[in-house]
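The structure follows.
Naming follows writing order (A, B, C and D), and every chain is counted from residue 1.
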Amino acid sequence: MSEPVRVQTAPFDMGAELNAFAASVTGAGAVVSFSGITRDIATGDLEVMEIEHFPGMTEKALAAIRAQAMERFNLADAMILHRYGPLKPADPIMMVATAARHRGDAFAGAEFLMDYLKSRAPFWKKEVTASGAAWVEARPEDEDALARWTRRG
Amino acid sequence: MSEPVRVQTAPFDMGAELNAFAASVTGAGAVVSFSGITRDIATGDLEVMEIEHFPGMTEKALAAIRAQAMERFNLADAMILHRYGPLKPADPIMMVATAARHRGDAFAGAEFLMDYLKSRAPFWKKEVTASGAAWVEARPEDEDALARWTRRG
Amino acid sequence: MKLDIRYFAWLRERVGTASEQIETEAATVADLIAELRARDEGYAYAFSDTGSIRAAIDQDLVEMDAPLDGAREVAFFPPMTGG
Amino acid sequence: MKLDIRYFAWLRERVGTASEQIETEAATVADLIAELRARDEGYAYAFSDTGSIRAAIDQDLVEMDAPLDGAREVAFFPPMTGG
């Protein structure tokens, strides 16, 4: 099986990743994947999306988030893959996948991974257009999304 | 783009399906997939999972569920693929995929599709072991899962 | 009125046929079930637990009190187990 | 005590360096921020909106009142925007 947590500059093939993940899992009937794709911005002139991260802390944070999700949602397996460096519009940025006996757990596990990853893993996006560069601002909705997991405790 | 609703006996490659789906979508940063895989049963001797369906009604029901999900969750696209006939343990049974601008909609859309498909699309599973065959019983949890979507209405 | 009746999954196995054409004056799906149940022991057994039976008129899921007026086909089956 | 300080994203750009080593007696992360802010206009600007600043001690996210006791490295950065 490939490493369950990967942080890399190289592009990845989300379909191949999904297949490899599903093939490595036994006894779990439900597999959920989430893929994040670089969206163009409102002005339509995104040239590059640069992703900065904190080497070392990133891997540590992702491994911790994965371990939490595995236990909390009784997952058979979970994987997280996140790119950094310069990405082009329509490039896949990242992916998570979860496997569980029941679909509710696989879905909840994947959402949990995404919500934590969005606001708790040290990645920062910068949008570069012909007219300049701007750091992407965190969305308050992402903090709200996190809050529901603590409420459910 | 491939047909957004497919009911077929042929196996499918979930990774290839995910890639084809993601490639056909523009402007949506979030892609969620769910794949259902034939699980072995508690006794560990599942030989075949037979899936019966109601040709005509199945396609109609899936198309209606997809249209509902597209509108309700503002999806950029959604696909449903479901096999019928004899399946072996570890065979992929079915798959849904959704694409949306925001991840919350992509997740909710996929869960909605699954919940409706589970209890409202005319498929029936039969587990065949060396000692006989038994129809899979509907789980009350699946009806409960549906209820939350009407509550949120 | 003439109606095509279809059966799926264990309902099909218990009734012993996948489809049949019948002549009925039943006003609703529930009336039709009562009529079928009265036929013989096989039908009585197949339709013994109405809580476990779902019905579709012309390929649309309906409730048990749905009128048969204008229906061409009625399908009976157990709760679905797709996905 | 000696501390390695690291900056990421716009905090790095505003401070003008990715890392530095400092000598400090600050007791908490908040104390350290106050100390850095007092240095010069660049730091004052970088740390002007503490609501937009996150901190990690030795690669673990911490709150602003976290003690620096035993810390080797403190990292400052804006709210994360991964995924």
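Couple of notes before you dig in:
Methods note: contacts are C-beta pairs under 8 Å (C-beta built on N, C-alpha and C of every residue); 3 or more make two chains touch, one makes a residue touch a chain.
Nothing here was measured: the structure is a model prediction, and the numbers come from that model.
In this assembly, C is the chain whose CA centroid lies farthest from the centroid of subunit A.
Centroid to centroid, with C-alpha atoms defining each point, subunit B and subunit D lie 48 Å apart.
Distance between subunit C and subunit D, defined via averaged C-alpha coordinates, is recorded as 71 Å. Between the Cα centres of subunit A and subunit B there is a gap of 23 Å. Each of the following residues of subunit B touches two or more other chains: 36, 103, 114. Chain contacts: subunit C has residues 83 touching two or more partner chains. Every pair of chains that touch is listed here: A-B, A-D, B-C.
Residues of subunit D touching subunit A in their complex: 6, 8-10, 56, 59-61, 75, 77-83.
Within the complex formed with subunit B, the subunit A residues making contact are 13-19, 22, 26-40, 90, 92, 101-104, 106-107, 110-111, 114, 141, 145. Per the touch definition, subunit B reaches subunit C in the complex via residues 36, 51-54, 56-57, 60-61, 82, 93-94, 114, 117-126, 135-138.
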